[in-house]
Amino acid sequence: MHTPGSNVSGYIVLMIVQIIFLVLFWLFVRYEKAALPAPIEAEDAGSANEHVSKYPQFQDIQVMIFIGFGFLMTFLRKYGYSATGYTLFMAALVVQWAVLMKGFLHMEGGKISLSLESIIDADIAAAVPLISMGALLGRTTPIQLLCMSIFEVALFAANEYLALNVLSICDCGGSITVHAFGAYFGLAVALMLRPASDQNDAGKHEGANYVSDIFAMIGTTFLWVYWPSFNSVLAEGSGGERAILNTFLSLAAATVTTFVVSALVSHENKLDMVHVQNSTLAGGVAVGTVCNLLLGAHGAVLIGIIAGTVSVLGYRYLTPWLTRNLRLHDTCGVHNLHGMPALISAIASAIVASMVTPDDYQSELQDIFPAMVGNNGTTTKIMGGLGRNASSQAGYQLFGIAVTLLIAIGGGVLAGAVMKYTSFRNLAKDEQHQDEQYWEVPAVENKEE
Amino acid sequence: MHTPGSNVSGYIVLMIVQIIFLVLFWLFVRYEKAALPAPIEAEDAGSANEHVSKYPQFQDIQVMIFIGFGFLMTFLRKYGYSATGYTLFMAALVVQWAVLMKGFLHMEGGKISLSLESIIDADIAAAVPLISMGALLGRTTPIQLLCMSIFEVALFAANEYLALNVLSICDCGGSITVHAFGAYFGLAVALMLRPASDQNDAGKHEGANYVSDIFAMIGTTFLWVYWPSFNSVLAEGSGGERAILNTFLSLAAATVTTFVVSALVSHENKLDMVHVQNSTLAGGVAVGTVCNLLLGAHGAVLIGIIAGTVSVLGYRYLTPWLTRNLRLHDTCGVHNLHGMPALISAIASAIVASMVTPDDYQSELQDIFPAMVGNNGTTTKIMGGLGRNASSQAGYQLFGIAVTLLIAIGGGVLAGAVMKYTSFRNLAKDEQHQDEQYWEVPAVENKEE
Amino acid sequence: MHTPGSNVSGYIVLMIVQIIFLVLFWLFVRYEKAALPAPIEAEDAGSANEHVSKYPQFQDIQVMIFIGFGFLMTFLRKYGYSATGYTLFMAALVVQWAVLMKGFLHMEGGKISLSLESIIDADIAAAVPLISMGALLGRTTPIQLLCMSIFEVALFAANEYLALNVLSICDCGGSITVHAFGAYFGLAVALMLRPASDQNDAGKHEGANYVSDIFAMIGTTFLWVYWPSFNSVLAEGSGGERAILNTFLSLAAATVTTFVVSALVSHENKLDMVHVQNSTLAGGVAVGTVCNLLLGAHGAVLIGIIAGTVSVLGYRYLTPWLTRNLRLHDTCGVHNLHGMPALISAIASAIVASMVTPDDYQSELQDIFPAMVGNNGTTTKIMGGLGRNASSQAGYQLFGIAVTLLIAIGGGVLAGAVMKYTSFRNLAKDEQHQDEQYWEVPAVENKEE
């Protein structure tokens, strides 16, 4: 039965959160210097332009977050309002929170500097709970989702700081810190919210129809075309172009592989829209951590082939197995699109890092593997870097993914426990995967027409 | 009954208009100098590139106009061809007309200079009649709409010239000159075309279905993600980055607020897709006029919260009241998405302007408040500007919106009178809100499938 | 009857192709120099940025290829999975192949240089078989399409090399080398695959429904808004801005004309979605070859008016005639969107070229008409160019389109013959225009909801 009361208090809490954000912005956030008018004597319009040179890539990422994720999740035939609407709601809340959270970790003089980079970082952070939402799609209330996202983004910011600034791993496209974190956090929540063993069947509204599947392809294609922007936006120097090229090739190879493997393993050798909508993108995830490295075109293509294969096989065999045996439901299969491909990316990063010599990256070593600066091929430290050698860096890459998994799963278990056992309203089985619980839905549908 | 004759003559008139445009282009329009080949001795490829540095933002605005507006209006379940089609038709006609109209106001040596800026301005001008179309959606013929748009854009260009060049108000994102003008012009037309008092009920085809609502979300999300480009494209210097940041934050805050307020005021506390599709964007309108000013992040967030609240309350209470009491129908609720948020923006601009000191904007005062140049804190005029002081500028901002409302409403009443009382064909009540009157619609729908 | 066996072997062949690509990338492809880390002493971040200054236009083209083409073809009511899916599959395969093929034609030191330009060229190449696919839509298996595309892209690369590098014609937006080639190749294949004379009726599933027509408008509008990027991406110097302006104006004029002519010639003077979806874009094709020339705004508008008119009349009269008399089916009407407008563009290029004087293009003559460098108005050769004069260049333009048609039609006949008479599985009449043959399609559709 519908209990409006609990909704109302949840929404009011979210409004209070928004007002707290307002106060925090007022107290702590200031425009960065380049976004302030220059003194009259130092007029220089050019530098302002250069400062926002990443604006087109930012806009691509905006499309990925709001249209890409939103429409990718419209494949459920009775959950399209929620897919597009909650994506908008969650992303709008999270971007503000991410500006604050990531700002607190990099304050200067007690103030957070607001710049184009802040909102690029915020959009990337928004991807994290959206990935988790994919695992849970249709099985939570919006209040549960939104509260989860606030906690998750704080934990994400902390883990990212640990991985990049403390452990000094490379993760240009965020496969470790964003994709693996979001996927395994979401899966851990899903495990906590798993159904009783007598309710382990698919929800009666869980599934696509012809039109909802085509709506989902809007999401897929926009994610596909703009993924090079996501992976390259934080790359510096020539790494930006490599990130674009490697991501493009990996996606292309993963796509071809996805179609082939989908046809080979599916019922009657027919193509499966779930694979096409999702596994085609696995190449973008799997190349993420290493996208700015000297993979070579063949390296990128190889990663794409592996990712497409693993992802389709995951959808075909692993997900049903997890559902059957662990009652671990994963509505969008984020484990196959984000989880496993991110693990592939982490492993690839260890392999590539283990073969790095300082000469390879010349002036860019500082940006890409800062901890290796000062390693002149021996273990001697020079020039102020940590002088980490290649195998050591490879080890740190693996340590980075391990820590990320630990924190993500731990955080997800905690979040799931709170969502399940505290006063949050939970959805009953037959309330799942349909908009009607939380949305006004047109009633007369199909009748008068 | 269908009277094809009147259609034919209307379409022929539009073809003649197109041919007149051709002649005017031939007589008056020339490429700007930077779009002409440089003499051999002065070869300089770099400058040409810099000249089109706003091209990515132009493309974002193109998406807003053609996809954003077009799909936002597909929410009517039997009017999707018209929503997307007339948007394309109207925008294609208006952009040409706007290049000419705005060109005539800024001719040099009897010629209009054609540049990237011309077509950016033209796309912005196209937003004006598209906003008005939202108020009228489904209740006019395409011929009425197109003819209206030609008149409206000419009046818009004149009003914009008056507001920006004569009154010298600031309106970086166009909330006053574009959103308020388009909304109140459209509402004035709607008032003139209002139904007889015995036909004041909603049209029988007026309403969404499940799929049309999701199509509309394509429009919403693209408008959302690219709105920072719309607001910032005409900003100069560091104002560009502020416009991006402020717009982004205002949209995010308006979105969170929209969801919360929608749930709180709606039937059974369920979310309403009309609010989600529209009020989430009110933050972009409400921050428009002031987006390049030194609002601070908190200023932008505050404006977003106010705009989201006002917009949802407008949809919930004001629009039904206007329909009931004034027979003022507003199909898309442009009053709530464009009208009132634009008023908020104008008021905000007066408040912010009243607190400006010349030191705040340093070298950018000339761009942002040109009439205040020469005001050194007293009323003494120096340095060639008008030396307008802060309270005076605030007064001009309010005068600017007042004049705009007057011209828009006057123009709309005139246009509506012409559309109603001259030989234009008008739609009968039961012909409204459906494509069939003007489009070939597949007949067998749903049967054989 | 469904014969899965033949599918399986086809898919396996495509996987082998993907693996061959992997090997070729490994053997031959290397990052361009600017995508490699700079030596420490020569640190210069700026140059890397400038090198990828066309990245935003690349992304626009990505949207055109994957979303634009994909969704434009979703108008068939039972073929939306195939339209969006095969577009993704084909483009992902072709972009890799195009990097290799075009690379082999421009190798340096036995290696192919991989750069942003490579993948821009690859995306453009992907348009070619996608255009052909439009002619064949619904009447081939995916295996036939994919194999066709591999052959077609190789032939396209050869013809393009011939036209641009040997014949030295101008074709900035690719109307000759891309649009005419793709359209006539596809039509030639369609002619080879034409039905027996007792099966010449429209397929029973061939047609749109209300929702599929709106999906198709997503494709139309994205192609419309980003077409200036497609036409301008390879332009240099001030030609880039001219290409943007001319394409924009031509599209606008074609759109207005399309609506008018559609209403005038259609049944009951109602607008036809097929025209709106396609002929509005004819202006982009028809201005393609000449988009960077000094057309003047009126030249661009005139071309748009002609293209819109020809395209609508083609859909209304020519296509049915071809179907009836030659049994030449053209599902999307690519002859009207790409074929005839490309011929218009070629003719326009001859006219414009015939009037060129060396003074017109100053320092840009080298880029635009390299063969005319050294023509000082007489036939005397100076400065190392071929010294081709204006009428001669005009002749070459016409020769270029003639050769292209010959190669495209010859290649299409050959490809069609192979697809029809070898061991490829062909679709029977009643298997056409529906996804079910090759896709898992939700069965319960509409029932439980």
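Order of writing sets the chain letters: A, B and C. Residues in each chain are counted from 1.
Going forward, a residue touches a chain if its C-beta (ideal position, glycine included) is under 8 Å from a C-beta of that chain, and two chains touch if they have at least 3 such contacts.
No experiment lies behind these values; they were computed from the predicted model shown.
As for how the two copies chain A and chain B face one another, under half of their interface residue numbers coincide. Rotation relating chain B to chain C, from a C-alpha superposition: 120°, rounded in steps of 5.
Spacing of chain A relative to chain B, judged by their CA centroids, is 34 angstrom.
The residues of chain C that reach two or more other chains are 56, 211, 218, listed in rising order. Only residues 2, 4, 7-8, 11-12, 14-15, 18-19, 21-23, 25-26, 29-31, 34-40, 42-43, 45, 48-49, 51-52, 55-56, 59, 62-63, 65-67, 70-71, 74, 80-81, 84-85, 88-89, 92-93, 95-96, 99, 114-116, 118-119, 142, 211, 215, 218, 438-442, 444-446, 448-449 of chain C touch chain A when the two sit together in their complex. Against chain A, in their complex, chain B makes its touches with residues 53, 56-57, 60, 77-78, 204, 207-211, 213-214, 217-218, 220-222, 224-226, 228-229, 236-242, 244-245, 248-249, 251-253, 255-257, 259-260, 263-264, 266-273, 276, 280, 294, 296-298, 301-302, 305, 360-365.
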